[in-house]
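Per-chain numbering from 1; labels A, B, C, D, E and F assigned in written order.
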Amino acid sequence: MPSINDHFFAIARAQSDYARCIDDDRLEEWPSFFEEACLYRITSAASHRDGYEASVVFANSRGMLTDRISALREANIYERQAYRHLLGMPALLGQAANGLRTETSFMVARIMQDGTTDLYATGRYLDIWNTKGETPKIVERIVVCDSSRFDTLLAIPL
Amino acid sequence: MPSINDHFFAIARAQSDYARCIDDDRLEEWPSFFEEACLYRITSAASHRDGYEASVVFANSRGMLTDRISALREANIYERQAYRHLLGMPALLGQAANGLRTETSFMVARIMQDGTTDLYATGRYLDIWNTKGETPKIVERIVVCDSSRFDTLLAIPL
Amino acid sequence: MPSINDHFFAIARAQSDYARCIDDDRLEEWPSFFEEACLYRITSAASHRDGYEASVVFANSRGMLTDRISALREANIYERQAYRHLLGMPALLGQAANGLRTETSFMVARIMQDGTTDLYATGRYLDIWNTKGETPKIVERIVVCDSSRFDTLLAIPL
Amino acid sequence: MSQQAELERTVEGMPNWPGDGLTRVPYWVFQRDDVYAREQEAIFQGPVWHYLCLEADIAEGGDFVTTFVGDAPVVVTRDSEGAIHAFENRCAHRGALICLDAKGKGKKDFACVYHAWTYDLTGKLTGVAFQKGVKGKGGMPPEFKISEHGPRRLKITALHGLVFGSFSADAPDFKSWLGPEIEPKIGRVLAGRKPVVLGRYTQVLPNNWKLYVENVKDSYHASILHLFFTTFELNRLSQKGAIVVDETGGHHISYSAIDRKTNTASADYAQQKIRSDSKYRLADPSLLQGFDEFNDDVTLQILSVFPTFVLQQIQNSIAIRQVVPRGPDRTDLHWTLLGFETDTPEQRLTRLKQANLIGPAGFISMEDGCVGGFVQRGVRAASREQAILQMGGSTAESSESRVTEASIRGFWKAWRAHTGI
Amino acid sequence: MSQQAELERTVEGMPNWPGDGLTRVPYWVFQRDDVYAREQEAIFQGPVWHYLCLEADIAEGGDFVTTFVGDAPVVVTRDSEGAIHAFENRCAHRGALICLDAKGKGKKDFACVYHAWTYDLTGKLTGVAFQKGVKGKGGMPPEFKISEHGPRRLKITALHGLVFGSFSADAPDFKSWLGPEIEPKIGRVLAGRKPVVLGRYTQVLPNNWKLYVENVKDSYHASILHLFFTTFELNRLSQKGAIVVDETGGHHISYSAIDRKTNTASADYAQQKIRSDSKYRLADPSLLQGFDEFNDDVTLQILSVFPTFVLQQIQNSIAIRQVVPRGPDRTDLHWTLLGFETDTPEQRLTRLKQANLIGPAGFISMEDGCVGGFVQRGVRAASREQAILQMGGSTAESSESRVTEASIRGFWKAWRAHTGI
Amino acid sequence: MSQQAELERTVEGMPNWPGDGLTRVPYWVFQRDDVYAREQEAIFQGPVWHYLCLEADIAEGGDFVTTFVGDAPVVVTRDSEGAIHAFENRCAHRGALICLDAKGKGKKDFACVYHAWTYDLTGKLTGVAFQKGVKGKGGMPPEFKISEHGPRRLKITALHGLVFGSFSADAPDFKSWLGPEIEPKIGRVLAGRKPVVLGRYTQVLPNNWKLYVENVKDSYHASILHLFFTTFELNRLSQKGAIVVDETGGHHISYSAIDRKTNTASADYAQQKIRSDSKYRLADPSLLQGFDEFNDDVTLQILSVFPTFVLQQIQNSIAIRQVVPRGPDRTDLHWTLLGFETDTPEQRLTRLKQANLIGPAGFISMEDGCVGGFVQRGVRAASREQAILQMGGSTAESSESRVTEASIRGFWKAWRAHTGI
């Protein structure tokens, strides 16, 4: 099937597992989707367009991802909440120096403890994947939210 | 393509047909996605976590699914409304005694007669499929809504 | 894999590219997803059911699609806004005289300049594709929105 | 407190109207809940006629549609004798909606789903379930007379296929309500031919209903906000044309016709340095190739009947717009697109193409859909400031020039007369 | 302005009550913000008992749940001695929620997240972080006495495993609050056996809370709105049965039992031509195969305690419904589905199946979930109109017939007594 | 009714303020619409200075940004001479937003989209389309003078690259507004170097704006709510540090510096048994490795200017926070993250990492983002109850201890002086 890139399904599966990992509140497993040396940022379309360097979340090591989770678990005060991710089909944009570039749309609903549900974030994942291993690992993920408004707080990673 | 389970596409297709069947208001066909001996429940993440036995909808026979539809058509009073399902990629979780276990995320928008549209429900389908036949049939479907709040009523099945 | 129509992936990919084209604001490329001789309509489920001929948007030539975009770019006054499409899996409904008929569910969130995000439209694409060429082209696309209510305006195509 | 007392109290609570009454409009009229409540009472439930539907929507006996008159849900029906009736969609018993469907056919009567009180097609209460109780126990007391109860019924009138209604018995005769100038121009578009509904949709406006009505009556903005008009010469202020404002001020007509003399407009426009005079052209100009439907060279006729009815002819795009307030800062605009039985296939296709000019995605109307919101947001902190309505003077009279806000002043003249504000 | 003055002002601002007080209900009571505010004060924070939770929800010392009494967030706890306590979920310092979780176990005390003021399980303020400052600098002044501060605590009572509370010290003794008739019927369902929570969910109602309470007390609608009841003979007005209304009018019981004599009902129904008498049958009738749980042939008992508590027995479906107002036109309905430790597996399965009758997807309850919204929308423009409550007369007394609105009139009798409206 | 009369009426309608005025705050100030309206008038449109933008946001002539002063949409521009101007984003004609874009460059003038009335960069009305009509017909009457109309313009001032504005001509001189203590500490962070915007986002707070301002001024909570501060010794109450409250009470500075003497804090914390003294450590501590930016060991400086401006230095994380009320229970918090042209790549990376401390996902700020909502919900039913502000006494003075609510009392002192409530 020439029209299908060999990596397509592996990455689609990885994306889907990534989303389930977060939505199932298995956050401790979340960093394992990334390479040890990785970049993870959450920013907005406007900031991305304007080339702003700073992020809503910034991590340039897997350790920082781990710290995010332990902070959520041990340190930070916030109300219990959950996400539901729905993802578009990954678009394969070709090989970059450090891996395979893809872009994937997302919608995330947030469900508060009392059941209140709202469309919390929409946007796209700008990713670079290491496809050498058994399952693809994230080398770089820029989460570009369409909006730069965030309701109350952003505790759980996107 | 070893990374792709042979059943994956058949189930993804069945899920998509299931959603279209409901969204197109072909509810009379809905029970046919299930085995004669089946379990269908709608519950919430909190109730699922707490192990509550009771459901928002409970059916342990295809007949009960048929009764749901005939009740909607012949008996129950409610305003005309429609759903729009959007589904995530099914995750295949392995063989259970009675079939193949999968988990699939969903978002459902509800559109009222006057056009009012809201994000009505999000959650995941916890399914067991009989993959022996030509098309996979649902042996068990637990619809775990992320929220335990339901706006006004839940008439059309999820 | 007999259960998978050969055209399935090509069309799924085309649908996903179509959505990215709009969501990335590359609207000038949008007409190129259509055949020169094409039909594009946006209507509502109720109007579709009642057989109304008129549409919210009507184009029976690719030129009219081009005009839509140049109007948005050069003529019309409206606030900066963006969409985020999420699509269901295309359902292949068989060959029509003029191509392959498919149906695909969508949800579209609209993001205003100030970041306000809402579920702007849900519905389904009723399409006919020319699958002869390298990539499938749209011969006919009826965008059937589930709701016939449109908030403020519909500037960007669906 | 008596209704009258209540009213006075309401109006009293409000700030004073600034200026001479027509050339200034205080922004609080678009913001205050008490103004909204007063309008519901004095205008939507007052001695005023409101568009309900097309006769064609209820062509046969047993047909019905549901709509709104301001906040009030309303059912419109046609009985077996062909008479049209309308009544509040509110059960006389405990207030449930009597009819849940948007439309239907073959109805004999309406049964409220809650306790099955039944109504005939005129809205008359005809039955009370278990009125006599069961086995002689329970039921309604003898002094309860079915004839004394029922939803509020509307006075009905129809003209050229349009159905209007009023909650108030004091509503004037419809012809005199319209005055001598309006009716013929409705007739021009609708009389003597059978309409066919080509489409329907609703545009939700993020603003007070009056901002949209001002926009409709605002001939001043047409050539400036809407690039299409000017560029494609659908409408030039220097075309032949005029504004007609009726005596009450509440109704208006704005029209323009092709000026077959040399067009000196460009110069005028150049002077104004208005962005709307672009060099923009269409790739598929068939969009705008119309046919001469009325043999009068009139390419545009916008007609409004106070408070919320609009009949539009933009080339061959004929539509009815019904404005329904949903709160001080939200309005539903219901569009009904029309063709006619006599349309040739080519003419019908022309209408379908020209429908691109109107509605939420209309090359013209999308702008009218957002500009009201720009005002609502612009005046957010300016309830004590005022709009200036001096274009074309200070009166509400008809004028040959459309560089005027006369018909908007007319609206406020009528609005103030009805609300007492 | 003093609290008393404020109250009088509030009530004064309202229109007069129409009619004799029980047979007419003005629709503005379902719409006005000032009525809502008055209810919060006079009923939800007044000398009235409100359902909080099950004793089983806080079975052990250190268990807690959070809930609402009207607008007020409330924490309910059980201390190490087994005593139950409840207090407003509002920190005495600057008002943050003291407890963020819906429920929990093994709690020793509550520490507010904002500045760590701490409370024991009774709601008593026990610690103020840095009260003495740091190194003798800062901290609270000596005149500040911890003992003088704390969230408002509720008076608590429990009956048959149900926990009730009141913000007001003037709340009457609970037994006399219930009166002689209600308590035994609560006991009938709950006494002498250990409940097991089978499920929980919340139904969000698009209407004023009182419209739902009217619906619960409305035996008249049961056989008309709900096709299931009539068709499957869960409930026939011609079955044996009755309505009990207590002396205050606020509480009620409606029940029906199998009438083992020949059933003449169908005739009665035929006469009414009510749509609810269909020929509709189930493919899997096991849904409705119940077991005789109470040896009294009573298939249905709906019991309400003023203002917002409902205990339901529909065949073997036992549930508690807690009504929480969220604004004039929004209400949360919290369902708690019960089984009992003594249930056999077959009995338990029966309850799971019969749960299909109730809740947002309940073959019966889905209709009660939407009909309140039909009324809220139906009366939108009719604040000056009134509901008619004359079925079964004009009093609020018990009656053998259920073709009556007596218990609804009772509700208004109690509501007016409490609110002074 | 006159504006003055209106004001008095508004304030009169409110309950009395409890207690001595600073140690108690009634919860109705966070809930009532009339309080919100009064604030808009007296504070946001009153003789008060409000942060608008950075000078760097409009670095060149023709640059502009749009922002809000309370409910009022505002345009800020720089003209060709380099002067800064600001005016209400509301057309003088009929109130549409004059400018729809969030920002832009190379602007010569603004043309309202509705009728093309034009404004120069100072907000002066310079043109009215068709003022003279067309072919001498229509147009504005001679008595209409362009010079007499235009949007409300703001008084402007700039300090250390920050632009402030006021709708009121009576706004005091900015230096005296700030007083002697505040300006130098703004200078400490911003003076003498060119800022670079590193990021921008908005956090939507589910609470009244004053609850967020209280939080900013609340040095008491910092070490308790925020685990990060204490655990990673970003801030210890026992560090060197102090609270500065200006004479008006409205402005404040809270700072802390490394105490190079032995740290006795842990003991103090132990005594309080505060959950915030955990053993929690980071896997990648580089997050917190800062550089000494100011050669003064001050690791934290939070500075606020009444009513809604915040300048933050948390280690090397420099940010401006602009608080914009959106209603009694909703607030927009606009963050602008800053670096400086002189930053080395390492320093810049440090700022990017430390940005993890702030904003909606900030290890610190996420908690400030939700705690206001906890209060808004906690006090929902307690409008007649009051917050206690006695930590550190009852005055609004500067103090060495940060175990005080002095700067919050200061806020209320200033708020009451301005609103008259």
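Operating definition for what follows: contacts are C-beta pairs under 8 Å (C-beta built on N, C-alpha and C of every residue); 3 or more make two chains touch, one makes a residue touch a chain.
Here the structure is a predicted model, which is why all the values come from computation and not from measurement.
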Joint neighbours (chain B and chain C) are A, D
Relative to chain C, which chain has the most distant C-alpha mean position? E
Looking at Cα centroids only, farthest away from chain A lies chain D
Which integer distance in Å separates the CA centroid of chain B from that of chain E? 31
Express in whole angstrom the distance between the two chain centres, defined as the mean CA positions of chain A and chain D. 48
Distance between chain A and chain E based on Cα centroids, please, to the nearest Å. 43
Residue ranges of chain A touching at least 2 other chains are 44, 77, 79, 86-87, 107, 114-115, 119, 148-149
Residues of chain E touching 2+ other chains? 100, 102, 113, 202, 225, 367, 371
Pairs of chains that touch, anyone? A-B, A-C, A-E, A-F, B-C, B-D, B-E, C-D, C-F, D-E, D-F, E-F
Enumerate the contact residues on chain B facing chain D in the complex. 77, 79-80, 113-115
Contact residues on chain A for chain C in the complex? 1, 3-4, 44-45, 86-89, 91, 103, 105, 107, 119, 121-124, 146-149
Considering the complex alone, what residue numbers of chain C touch chain A? 9-10, 12-13, 16-17, 19-20, 23, 82, 84-87, 107, 109, 111, 114-119
Any idea which chain C residues touch chain D in the complex? 42-44, 46-47, 50, 52-61, 63-64, 66-67, 70-71, 74-79, 148-155
Residues of chain D that touch chain E when the two form their complex: 1, 3, 6, 40, 44-45, 69-73, 88-98, 100, 111, 113-116, 127, 129-130, 133-135, 137-141, 144, 149, 152
